[in-house]
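See the structures that follow.
What follows is subunit A paired twice: with subunit B in the first complex and subunit C in the second.
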Partner chain A sequence: MKLLPAGLGLAFLLAAMAAVPQFADEYIVGVALSLAMWIALTESWVLLSGLTGYVSLGHVVFYGIGSYVGVLVWQQVPMWQMIALAGLSSGLFALVVGYPVLRVRGPYFVMLTFGIAELVKFVVIDIEAQLGEFSRLVLGGPSVTDLYYVMLGMAAAAVVLTYAVGRSRAGYALRAIRENEEAAETVGVPVARYKLAVFALSAVIPGMVGAVMAVRSSYFEPSQAFDPVISFTIVTMAIIGGSDNARGPLVGSAFLVILSELLWDRAPQMYMILLGLLLIAFVLFAPGGVTAWRLPRFGGARR
Partner chain B sequence: MQIIFSTQLLFAALVIGSIYVLVAVGLNMVYGTMRLLNIAHGEMVMAGAYTSYWLFTLAGVSPLLSMLVAAVLCAGFGALLYRGLFRRLLNDSKFLARLEGNSLLLFFGISIVLQNVAALLFQPTPRGYQYLDGVIQVADASITENNLLALVVALVLCGAIVLFLRFHIYGLAIKALIQHRQGAMVVGIDVERIQLLSFCIGFGTAGLAGSLLSMMQQITPFMGFPFTIASFVVVILGGLGNLLGGMAAGVLLGVLETYGVALTSPSLRSVLIYGVFILVLLVRPQGLLGGRRLAR
Partner chain C sequence: MNILEVEDLSMSFGGLQALRDINFAVPAGEILGIMGANGAGKTTLFGLIAGHARPTGGAIRFEGVRIDGLRPDKLSRAGIARTFQIVKPFAAMSVLDNVVVAALFGARRERRHAAAEARAREILAEVGLEARAGDLAASLTLSGQKRLEIARALATEPKLIMLDEVMAGLTATEVNEMLDAIRAIKARRTLTILIVEHVMRALMRLSDRILVLHHGEMIAEGPPATIAGDARVIEAYLGQEE
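And then the complex of A and B:
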């Protein structure tokens, strides 16, 4: 992929999405908002799991922490500070847990991330119950259109971040970790530092997204903010689209958001069943995802 | 403090511990023989529970009988899954290169599908039925009959599995496969047949455990996942592929959970289970009670 056409394509996509509120009604803007949200989340996931091969099945934990921190400071600080705080807290959490967690590899890492997300969920549920709060209202937020522009900005930032890291020297180091961690370490990649850095980096945007989504849904309820279905959807989107580059999540998110609009309200269980079947089908038949279909299978495209 | 030393609590710990052992044995067998990480394992518990629930409420069949039906149904599903999917995959070198990771994602998909099929068919609301819910006094403890029954059945079954693995030719073959795959092939063990058997026993025992559970607590389409997590704790504590270590670990987890909740509060049950799970993974992913270090 050449830099210029890719940049042009992205700029065009961004312009098209930015124009949505000009001609569409509030419902469509809501759909575009959730598309932007999934792009931001899935791109952040690819930054970690796509590049390093450390598959996170608990990325919702960053989203949930961002939501919770955002709700706690809501209307005590201006909104941009709330979003920044949310992102910082998630990043900080990733830095703290990252050191021990990233020493665990392969399938054990996958289960560990899931376990951590559930643990934090139950801890937050317990804290809220102790405080006597069962769901908090988040009222007085800006309009859907304004939130949409904020979310679009974060989605764009996530795409650019994943794209930039993927093409950088660090990106190649991360892929080297994915292919063979011992070999990468032997040739001088500072493995532990890179893993920790990318883990924290992949947590910041989901944290900010979580805060914005709490405002958007106008309430906070821990079992929804930490819903494992969110992690599952992120992974499925990335695997359907392809997770070795920044384009995959765009394709995967768009596809699943449309599917969810068609099915979620009428038949949520059918939607989940379809999601499960898609995941199975892609792992079995197209582990590189849609964006790897026309490329020859060398090096990069996998998972 | 009195409650900590009561027979009541010890009994409760043993009941839940024996269920954990029963569920985890299947997970361990499937992982030990094939390196497949079955995170859809808890869904077999759920399937077994619904089998007993429906047979009891629609036809009045006793769970003692329907647990056999549940075991056969789940074993059949396991056989189907092995024959239809995993037999082929286990011979595919590209899939084998990332066997554990890929199997995890596949079973994750299977788990989501099963949960939602059940939610679609049976409604997501919790259900329950009453069977043998009389109370017996033993020393200072009031014990519900169905709890006692579940404990006895689980113990008998665990004993049977231990004997099977120790003395039956197929049991020995399963252990051989767990210890050394190539070695087992060299001495002429029919690996495919043993793998099929592991799938059947693994899924069947989980289904049976679900039947036992349905007598004691309410069931939902999403009840399985905590058992998957508990099984992983048990298997990792006891050592992956180490079936006897798993039995000790199952009882240990039951004791930890019951006494931990009694000492703190019931709302901390999930925090406790996931806390132990994370700790175990962080400290020793290869198992606490020894066992070989497996290729990761």
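And then the complex of A and C:
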């Protein structure tokens, strides 16, 4: 069992990231916060899409719902309650839409998740317009450093969750569903229940992240909170890092956050071009992502 | 006691009648061979018993309880397992993990991972795949994947196992090995077997009793020797002389 080294590595990474505000300025803390955010989002995505093969191209919907719910209750309840409510709302939303949505697979599921995210975005835009709100200010939040610690906690929770589920009895069931749903059901896996549960579980942390990010950016605007680019970025990070285990999103998120820091101000087009090229290269030549390159691990039992 | 009872079972897909008024019962511990040309309804019958579809008429009883229309995972839990004629391995998972999943779920529902893995290794040894445990399922030959189908079905700890053409596409040597393996598996357990096979010789040697389907209808039922001499069976197989 490689459990111990994996846990140690993770603890070390967490300690290093927790130490960032001690020696870095606010700008760097902001970058670290964004890294933690992408780790939390991508881990949540891998929990669903990496394990079951149901590729969600609309994961931003959970982030957006979390943002919106968070903003609606902002300063009416303590921040931890706001975050919990945001996570709960996204999870509930996933439970409700999951039942019909998870009946389709492959490209239909991809399009459906994308469509639902866009639908919810326009519904929220409409509600806000009816209410006469075009963007809401979210003022009086904690410092960037405090928000960073909250986000880091959620990133760590997401990593642990994906890791734990991936290695559990449920992890076997979810991978079996990914490989062949009919065969999985035939050997006794209650596929509908497992799919719905993991769909809801993968929505909770993105909802919480969305609420924190609304506070971080100090305003809420639906077309930004439900920006499909967030969904695309999550998928890209997962593909580059690898999506069969909890390590992939760490690698993918770190890689893209650093790349974007290096290129975004100086050569934004270059960044997008590089991103496109990388995505194509990985899909074609290394569909398992970076972390699949050292293949025989875990006693050869896992991919 | 009959473990399985099929009464007036019918299945139609749109206008196509795949099965019509099928009646038979299987005593616990029997090996029942099911014979029939392509399209006779053999795989449809397995699908109905395993819960992949709801019959359009009739009833299926397992240990005296109506099961028609129940979901496959419920039936697996109740003790019914099947293999697929067109193999369905969990391709990107290891051979071992394919079987571990079945031991963790199925009728066994092993909660402890180590116990599930130990059981899976025992079963892989029974079907002769122990040396391939760490390899990806996709890397197995057809013969290996058919064995994996059996191992996975066995790992659920079934009372009734349905083998759908596990010998199709195998060489003569492999067929003999498979026959020995199935006999050995049966000897070690309290198991009832339903087996569909195109390899007639194999079916005759293995089955206690044979049931013949033709265009969705049951045209004969009896011990292998009787079936081999049945005029209707010969006609259905070789065609009527003009």
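Assorted remarks:
As a working rule, the second predicted complex is superposed on the first by the 290 of 303 C-alpha atoms of A that agree within 3 Å, B and C clash if a C-alpha of one lies under 4 Å from a C-alpha of the other, contacts with A are read in each partner's own complex, and residues count from 1 in each chain.
What we mean here is this: a contact is a pair of C-beta atoms (placed from the backbone, for glycine too) under 8 Å apart; a residue touches a chain by one contact, two chains touch by 3 or more.
This is a predicted model, so every value here is computed, not measured.
In the superposition on chain A, contact is made by A:Pro190 with subunit C only, not with subunit B. In the superposition on chain A, contact is made by A:Arg175 with subunit C only, not with subunit B. Residue contacts after overlaying the shared chain place A:Glu118 against subunit B, while subunit C stays out of touching range. When the two complexes are overlaid on their common chain A, residue A:Ala129 makes contact with subunit B while staying clear of subunit C. In the superposition on chain A, contact of A:Ala238 is made with neither subunit B nor subunit C. Residues 303 of subunit A lie at the contact with subunit B in one complex and at the contact with subunit C in the other. Within the complex, the subunit C residues that touch subunit A are 50, 52, 71-73, 76-77, 81-82, 84, 88-94, 96-97, 100-102, 104-107, 109, 111, 113, 134, 136, 152-153, 155-156. Across the interface of their complex, subunit A is touched by residues 37, 39, 89, 98, 100-102, 104-106, 108-113, 115-117, 119-120, 229, 232, 267-268, 270-271, 274-275, 277-278, 281-282, 285, 296 of subunit B. Contact residues of subunit A toward subunit B in the complex are 55, 57, 100-101, 104-108, 110-112, 115-116, 118-119, 122-123, 125-126, 129, 232, 235, 239, 269-270, 272-273, 275-280, 283-284, 287, 303. Of all residues in subunit A, those touching subunit C in their complex are 169, 172-173, 175-176, 178-180, 182-191, 299-303.
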